[in-house]
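What follows is chain A paired twice: with chain B in the first complex and chain C in the second.
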Partner chain A sequence: MIALFPFFLKNWLRSNKLFWAAGLGLFPVLLTVLLQFASPILANHDIELFRLYPQISFFVYLHLLLPILAVLTGVSIINEEVEDQTLSYLVVRPIPKWKIVLAKSAVYFSVVGAVVALSLFLSFTILNIQLGFEGWLDASSKLLQGLGVLLLGLLAYLTFFGCLGAWLKKPVLTGLLFAFGWENLVAYFPGNVKYLTIVHYLHSLFPTFYRTKASGILGLIPIKFTLANGWASFFTLVLMSAAFLALTCLALYVKEYKMEQT
Partner chain B sequence: MPIYDQAYKPWEGQLLPNPKAWWVIAKTGIRLMWQKWVIVLLVFSSFPFAVRGVQIYLMNRVGDSSQLGDFTDKLEINPGFFEGFLKGQTFLFLLILAIIGAGLIANDRRFKALQIYFSKPLSFWDYVGGKMLVLAFYSALITVVPAILLFIIQLLLSGDSTFLVDYYWIPFSILAIWMISVLVLGGLILTLSASVNNSAAAILFFAILMFSDIIRKILSRIPDVGLASIGADIQQVTAVLFGNPRPHDFSPYGAWIALLLVVGICLLILRLRLRPTEVVK
Partner chain C sequence: MKLKANHLSKWYGQVIGVNDLSFEIDPGVTGFLGPNGAGKSTLLQLMTGQLKPSQGSITIEDEPVWNNYPLNRNIGYCPEQDAFWRYLTGREFVQALTKMHGFSETESTERAVEAIQKVGMEKHENKKIGGYSKGMRQRIKLAQAIAHDPEILFLDEPLNGMDPVGRRATIDLIKHFGQDGKTVVVSSHILHEVEEMTDNILLINHGRQLAHGNIYEIRDLIETHPLQVTIRCDQIQVLTAKLLEFKDVLSVQFDRDRGQLTVETNRPREFHERLPELVQKNGIDIHSLWSPDENLDAVFDYLVR
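== the complex of A and B ==
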């Protein structure tokens, strides 16, 4: 397992996935740099840059960057080996299959986690630059709390999309449907259906929470929206991740992959 | 003794354009994409149509008797109803565009088919037009077709011609919105497909649309920032075409210009990316 980690890490760093992950991670940083340049214009509209951090971390990181990076990388944990027709070379080695899944998942989580952490740190610093070091330090608890939740969310999403990639033929389609359809729609529903999403537990743990009012007919229905308990959310996400990892491992044992003939 | 030129001899005759070349590309694309998962998505997208159909039936049966109380205004069959239906189909529309469009050019690039395409009397416009028609066909199945069917259902159930006289222009608005959306969003996904691989194009498509909309949300105190959101621009134009109140505070003319700009940039990138490889000059 320890020997597998550097092997997969080297492969990851050589592939163009790092370029994509870093490029996507740079998006919010560029946004904050642009906002910094536009700060005199924003000041005319009573917008202070450091007050934008909760919204940027919630909308850009939690609702956009996290699922996108997880779909982009997660589905390929097993699926790329199938597409590149290298799975058979991997599984004939005298290594338990579950160790391959765990090592690959650990590499993906470490690299994407590092990209998210660096990106959030830079965005936070740029937005809080006018507060000085002391102000930055005072506000940094929000950064750490947000980062912790994002990493936990990354673990849950990566393992979930990894599981989709191991079991389904079109994992990207299903992943996009889940990340931007199911998660966005159901997480704000009343009743118990929201417990079937990952983002509901992340909302419960994230330092800030924004909810848009339902429009149309749904807007007429009085809805009492509640978030889950913090610890319950934490353990649910950890258990979910473990279950998805186990299912991904299971796929390698029971599923017969058909390699495309070229 | 004659000396022969052994170099490659290009065709010296006149290349006659085939006016139906784009249709061949479109037909093949539509046939190749007609797969099980597309049918599942189409079935899934028909649920809102069924709900709206029931709404039309209810409104024509009990709507006037005010049994529905405050809901009557929300359930009324008017231009807002059709705009709401199209808005509700947005996610599936985007999903269809992303999944079908992502591979349209990326696969041709991957399998080096562009050289084969452009070795035939096929222009850039034939190629892009054919690919765009594939997107137009599938997106029409979840937007235009059900919306027009709802209009016809309402006409059939309304009993008199008042609805037709008042709202005869609705089908034209539906068609216009569909064409604008396909041109802008289809252009965007084709551009991404011509630039990156299949999966990355689909994911980047969602990333660009959502990122621009998030910026609009975060800086909502500055209305003109909304112009940067492609989704908001389309919503604004949709509201204008349906004669409904505008959902955003920026100018609809600005929205038109922003959408034209997106189409222009997409065409420019497509023009640069889709070049036949010239073997011999």
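== the complex of A and C ==
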């Protein structure tokens, strides 16, 4: 692990993945900048900018940025080594294959997590700029709470998509269908099928939005959730992540990746 | 270290990768020969534990290689595919992979530097691999395979894309490893390359083993395949007449301009045993004698046909 983590980290940081991950992370920040410019118009609709943070973090981060980043990076954890045919170099080393999975997953989680954290921090700061430093500090518990949930969500999504990437030949499409089809539809179905989503547990850990009484036009968004217990959701997500990681490791042990001639 | 395949087969659905191969490989250089698509790379991937045998077994020192990562400590592998983490420099690439063998930062760096020197890449070690020529990429791949000083080296088409100087140096390096008592398995579809490295070959085609052993022993096994021997001498007609008396001599062609004749025989060993006596008895002065098809190309062509 000691040799693998810096190696994969160096590769990540030098590749163009960092640029587009940062670019995606910048999108919500630009959105908040635009909102900042539009604050006089929003004020006419009885919307205070600092009250938008829960909605931004919920819709833009949890439902958009997180799944996109997780799909596009997660599926490549093992899959890129197969497609780039570099897996050969790794599996002929005297290291257990699970260490390769853990080290790569840890690198991906660290880098994407840093992008999400930085982006959320900037968005939060821009939205709360009018409150001054004291006000920012008072509200920062929401930032930490949101960040904690997003990082847990990132872990679950990354490990899930990493697992897809290790087992499937064309994992990106499957990943996108899961993230923007299954997750967005099934989570709102009545009955028990919602327990088969990741986002259901994240909703339960993301209570700020529901507790905030939306006002103005935001109050018109008609979404109702049945929330699970917070701790149960936390442990479920941790267990899910561990299970997905284990399945990814299993893929390397039982699956054969034939490296084609070039 | 000894390598052993026992009725080794690998197939992908209906497609056969390798079929019922049994052989033993001892220290020294062994060449895997076969045309493109013969199953050489599949065989090397089976030998390095990247693929699981569908049937039979492949062992190193009687230990199966599939999912046996501690065994990899003794293995060096240079894949055929032109695959790299292109953002790394040559030195970073070799050093990082060497470090994965459990060496410290300092030791892995020292070993990487040494290996890079051995393959003659020290001038380019700090350039990004993405900017390397094909020959340079081949050499840096070889460096990562040898940096940890493995007992067994698997080299899949290592000379592909190398210039003549690099080719010569790499052949010498491979021979040197073999002379050092290491087990070196080199695959190639270019026969004269392997011929320069070793006499010990394993011929495969369509995943099947055609022959294994010393090239000359293999040649002797092919009794039905006529051997050509070209003799340059001063009395072509006399020698032709005498040679045609032998039952095993199938034909004789002579070339007056060059002063040589080419004999085709289906009993090469007996022919070579008889020839000195015949020449001596008839006072024929032989200037040179060689067998144009006693090389890998001829054997390969014959066996693959």
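A few remarks follow.
Going forward, the second predicted complex is superposed on the first by the 239 of 262 C-alpha atoms of A that agree within 3 Å, B and C clash if a C-alpha of one lies under 4 Å from a C-alpha of the other, contacts with A are read in each partner's own complex, and residues count from 1 in each chain.
Please note the rule applied: a residue touches a chain if its C-beta (ideal position, glycine included) is under 8 Å from a C-beta of that chain, and two chains touch if they have at least 3 such contacts.
Keep in mind that what you see is a predicted model, and the values were worked out from it rather than measured.
Considered on the superposed chain A, chain B and chain C are sterically compatible, since they fit side by side. Once the two complexes are overlaid on the shared chain, A:Leu31 sits against chain B while remaining clear of chain C. When both complexes are overlaid on chain A, the residue A:Tyr257 reaches chain C alone and has no touch with chain B. Of the two partner chains placed by superposition, only chain C is touched by A:Phe7; chain B is not. When the two structures are aligned on the shared chain, A:Ile95 is found in touch with chain C, with no touch to chain B. Residue contacts after overlaying the shared chain place A:Gln145 against neither chain B nor chain C.
Of the two partner chains placed by superposition, only chain B is touched by A:Leu173; chain C is not.
When the shared chain is aligned, chain B comes close enough to touch A:Ile47, but chain C does not. With both structures placed on the common chain, the touch criterion links A:Val71 to chain B but leaves chain C unconnected.
Applying the stated contact rule after C-alpha superposition, one finds that A:His63 touches chain B and leaves chain C untouched. Nearest C-alpha atoms belonging to chain B and chain C sit 16 Å apart in the superposition, given in whole angstrom.
The touching residues of chain C, counted against chain A in their complex, run 12, 36, 41-42, 45, 48-52, 67, 69-73, 75, 77, 79-85, 87-88, 92, 96-97, 99-102, 144. Against chain C, the residues of chain A that register as touching in their complex are 3-4, 7, 10-11, 14-15, 84-86, 88-97, 253, 256-262. If you check the complex, the residues on chain A that touch chain B are 20, 24, 27, 31, 41-42, 45-47, 52, 55-56, 59-60, 63-64, 68, 71-72, 75, 170, 172-173, 176-177, 180-181, 216-217, 220. If you check the complex, the residues on chain B that touch chain A are 37, 70-71, 74-75, 84, 91, 95, 98-99, 199-200, 202-203, 206-207, 210-211, 214-215, 217-219, 221-222.
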